[in-house]
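Just below sit the structures, each encoded as structure tokens.
Each of the next two complexes has subunit A plus one other chain: subunit B in the first, subunit C in the second.
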Partner chain A sequence: MKQKKFLKKYGFNIVLILPLVIFILGFTIAPILQTIQISFKDSATSAWTLNNYKSVIDRGIFGEAVFNTLAITAIGLVLQMVMGYLIASMLRKTFIGKGLARMLVLLPMGIPTMVSGVAMLYVFSTSGYLNEILYRLNIASIPIDWTATKLRSLIVIAFADSWKVMPMVVMLFLAGLEAISKEIYEAADVDGARTWAKFYYITLPQLKDTVTMTVLTRVVDLLRIFELPKVLVGQSTPFLATIAYEEYSYNNMGNSAVASTLLLGIILIVVTLYLILFEREKKVKH
Partner chain B sequence: MKLKKTVAMLIAAVTVTTALAGCTASGQQSGSSDTAAGQESTGDTTTAGNTTAAVQKKDVTLNFAIPLAEEEWHVFRDQIFKPFEEQTGIKINGIQMENKDMESKLEALKQAGKHEIDLFAPSTVYLPGIVDKDLAEDLSGSISIPEQIPKNLYSEFQFDGKTQFVPLRPNVQTNYYYTDRFEQYGLEAPKNWNELLNVAKTLYEAEGVGRVAIQANSGSALTITTIEFIRSAGGDPLVLNDEGSVAAFTFLQELWPYLSPESKRADFNVINELLATEVIYYGANWPYCSTVVVKESGKDQVASYVGFEGPKGISKVTTTTVMGIVNGTPHREEAIQFLEYLMSEEVQSILFTELGWAPARNDAIGEIEEWQRPFIEDVQEALQYAQSRPIVPYWSDVDKAINDAFKDIVIDGKEDVQGILDGYHEQIEAAKAAKGE
Partner chain C sequence: MNKYIKKTLFYIAIVIVCVIMISPVYILAKVSFSDKAEVLTQHPTLLLHNPTLEHWKNVFRAGNLWDPLRRSVLVSTGTTCLSLLIVVPAAYVVSRMSKKMKYLFILTLFFTRMIPSVAIALPISVTFIKMDLTDTVLGLILANMISQIPFMAWILVSSFSGIPVTLDEAAAIDGASKFQVIKKVILPVAMQGIAVAAMYVWLNSWNEFTYAMYLSTNSKTMPLMIYYYVSRGSIFERAAYATILAIPVMFITFILQRYLKPDYLGGSVKG
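So, the complex of A and B:
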């Protein structure tokens, strides 16, 4: 009887969301679970084993790949959040050519990641535009190898990724900034608040949801970065996603699944930690 | 309200149906894509060849699985399959299949008891799995390999004394350099490691940036580069910590600072780009590099030669595409006939002139343009030193070890070369033991 009542009340809603649930289960959850399963199975005998994990973790480049993955996330996130906010703040003001400026900022959005990687090569390769400009300005007489060291490689990749995703970050911040009422700033001006105080006590708290949304989406994307390192630096700077691909290209499905599973684990940990901290703060305040 | 509910239910039903239909359609598509490719191929030949039906002597269709680019398919269908069909009445159904997929697909067909593929053309790298699973026919004594095909191009593909594969297309790298730049700095094409180091250093010091590049992008490009250095020092890539390997890695570590920084991302495509744009003045690459750099980019001053020798001589790695017959095919005789046709001078000349493929036969250089002649002669000469990559079941572990060792020693400059290689040697031995070798 209760079931009948439930179905009568919610049956139609269930039917409506059923396609989405099937899609998510079939094309997202199921492949993830299968990947995790493959990571624990021997590819030849299908027996359960931890050898795949041992094989991947024992690789000399594994530790470096994990470090690079976390480092690029940190560097990229800082760069994108700061630049995204600054550009959004500028675009919020009224000035001549604002429409054109907005269009130019949004331009990289239409470019595939691989293509943007190749475009960055034209900038950062030893015969690229950057070296050419520095040469013509008499700043550097010898071409600079922008990916000579690990740190430089990470910065170049972070810059390339930031260029690619800046439109999305700017739009998110712009939407958040537009939602803040101007009256709050006017009231703050009346009270004699300085710029920094207005930013810290008004803008940042009002942007908290926007920041959360942006951080979460960017963190997930940065942790699984793949195309840009492959194009820009090859194997000299390994990442977890590039290891997953390498193992796949060697036909080591188990090892590839391990790298993918570990990457998934890192993403879940980082996102969960962020949400717990944020939720805890919100709950405490309430 | 009721109307809205009805419309919403209809939309939901359509969505679910479309999703289910999509899943079913994609399953059918993947199963039939090979057939579709084959049908496309057969369609072309039968459309163009109304005469095919007239001279059809045998009602046999051979399904031939091979990985080809679109331009290559045109040549195969029009200039290779069609004449064979007209001569013999045996239809050829070309099926696009990537190297990586061949073993699993043939195994699946074998388990299902189906004979949908009669011949296949894998790269030699993928042979161990195919041989291990007994997927290829034993052709010993059944097939005639022409004398004009050097033995070193196929003698390594005998397993347990059986001939299961014959060569279709060998490929080897030669070394390209800018003659004018070398002349400018009083250099000659390096003949050994010392001269190579000297060339790299001289160009680096003169221009402030490396102008010599090697293919050091991770994967097969780097593996081939490293194996050539190891073997030319008398080393064995399957051992990796012997004297020759240590010498090779030590030399590469010494050479690395003077190389072009682009070497880190350099594979065969990038070397073309770097040579064509004069970012580098020296690099090794596959034969089509001459087409890209000299013909298309107009760099007439680029020349090639076989390359430099190490302490123990010149070593070149060949990546050979071979051909085999699927075990248990019902058209064994016709398949052998087709394989022999593919090894004929006629076909090898077509592959050379139309696609730039180095011919397996040494008498198959057809009409070539004058500018191409010296490059092709260098490739022919390089083939004499050619040896394929090792064909062992644990090759992927060896490949990984070579790549990781290169990164540690050459790129990161770690000093204990012997110690590092000892570690990777242990990994290879463990992989070897795991495969029961």
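So, the complex of A and C:
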């Protein structure tokens, strides 16, 4: 009787939500557990083992991939947060051609990541457009190979990624800045606060939710960066996601699973650390 | 005086930002219309001197374009339709749940959005090989849905939550069944949110690259085609293909701009 009542009340709801739950369980949760399992299993005997991890650590390329993945995240994040904030605060002022500037800043939103990668190839190739502009401005007479060193490759990829996501970051900052009431600034002006003091004591704390949201989305996407390195630098600069694919394409399922598991672990650790470090005081306040 | 210098510097900064934002797009389009001599040189020209349709003609004549294009359209459209079918009813139910349950659901979605595609693609591709789903449109649709369903659910739960429950209750008092409530009340009111979500999902699947890499051996989608020309080093084909890939995206984003909410981009739900 009780069951019947329950079914009558919630049955239809369950029918409506079930496909989604089944899909997420079958196509997201199950595969992710499988990947972790593959990473701990011997590919020949399927016995539990740590050999995949050992063989991976012995190969220097994995350490390099971990380093590159963390480095691109740090470089990209700093670039995107600083530029995003600066461009957003510029776009808040009134000036001639504001509409056009806003449209151009939002333009990369309409460009697929793959396409932005191809466009950046023309910009950063040795006989590309950046070298040509530097040459014409008499800054560099010999063309620079932008992907010759690891640091340069990382910066090129970080720049390409920043270009592509700038609209999103700028829009988030614009919305965040919009929400700060002007009265706080007026009060600060009356008290004679300097520009940097206003930024540090008013803007930053008031933008905290915006910053958290932007940082989290950007960090996760930067850590799993895949398309841009594949297009821009090929295999010369390995990242965890690209290594996972390379190993898969050589049929080394175990190693690919190790790279994926490491990547997932790093993402979870970084996100948790961020939330613990920067969201703790908020919880205390409430 | 100081004020004028400040203003000048401000305009210079704005111009630099605008130039940086537009030049990659300009260069891409420029290369696809450029004479070979203008590009394949130590010092490429910055302006288009001898526009030519040669590369575009080559792309259309080579006949490699139509198959990937058809495939990409089928996969994106299929992903959008199937995702809508699964997500719209579920998002409605979730939007009417208690705050606690809603929060739990959102948290799960947030977690699935953190998972890297490569980690899911590996076992999926192993399974799909067994089931003969690699290189099929259906296989790609199912794979694309993995990342698009949480995304769509995120947007739709947020937009359904904005519809007051009193509207459902009023309809129920008038004798409407739950199914009728969804069909006659929720769908018309939420049409804009659903359309925006559908367009986003279509775009994301149109651009999808990772799963396509894992699940394709012979047949290619448009992003794979571009990657193929990039790895072959074909300077002009990749520009033309990239432009073709970008055209529907620019068109749809132009429409979407009016309805764009930063919430959708960050993927947050308020309340």
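The rule is simple: the second predicted complex is superposed on the first by the 258 of 286 C-alpha atoms of A that agree within 3 Å, B and C clash if a C-alpha of one lies under 4 Å from a C-alpha of the other, contacts with A are read in each partner's own complex, and residues count from 1 in each chain.
FYI, a contact is a pair of C-beta atoms (placed from the backbone, for glycine too) under 8 Å apart; a residue touches a chain by one contact, two chains touch by 3 or more.
Only a predicted model underlies this, so the values are computations on that prediction, with no experimental measurement involved.
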Partner chain in contact with A:171 - subunit B first, subunit C second, else both or neither: second
Touched partner set for A:267, first subunit B, second subunit C, both or neither: second
First, second, both or neither for A:112, with subunit B first and subunit C second: second
Touching partner for A:77 - first (subunit B), second (subunit C), both, neither: neither
Partner chain in contact with A:101 - subunit B first, subunit C second, else both or neither: second
Subunit B versus subunit C as contact partner of A:56, first or second or both or neither: neither
First (subunit B), second (subunit C), both or neither touched by A:246: first
Partner chain(s) touched by A:66 [first = subunit B, second = subunit C, both, neither]: neither
First (subunit B), second (subunit C), both or neither touched by A:154: neither
Per-residue touch tally on subunit A - higher for subunit B or for subunit C: C
Subunit B and subunit C contact sites that coincide on subunit A, given as residue numbers: 12, 16, 19, 23, 127, 143, 231, 234
Subunit B residues touching subunit A - in the complex, by the definition given at the top: 5, 8-9, 12, 15-16, 19, 100, 208-209, 216-219, 222, 260-262, 264-266, 277, 279, 396, 399-400, 403-404, 407-408, 411, 423, 427
Complex contact set, residues of subunit A against subunit B: 12, 15-16, 18-19, 22-23, 58-61, 125-127, 141-143, 145, 147-148, 231-236, 238, 246, 249-252
Subunit A residues touching subunit C - in the complex, by the definition given at the top: 12-13, 16-17, 19-21, 23-24, 27-28, 30-32, 34-35, 38, 87, 90, 93, 95, 97, 100-101, 104-123, 127-129, 132-133, 135, 143, 163, 166, 168, 171-172, 174-175, 213-214, 217, 220, 223-224, 226-227, 230-231, 234, 240-241, 244-245, 248, 253, 256-257, 259-261, 263-264, 267-268, 271
Residue numbers on subunit C that touch subunit A, as the complex places them: 10-11, 13-14, 17-18, 20-25, 27-28, 31, 41-44, 46, 85-87, 89-90, 92-94, 108, 112-126, 142, 145-146, 149-150, 153, 178-179, 206-207, 209-210, 213-214, 223, 226-227, 230-231, 238-239, 242-243, 245-246, 249-250, 252-254, 257, 260, 262, 265-268
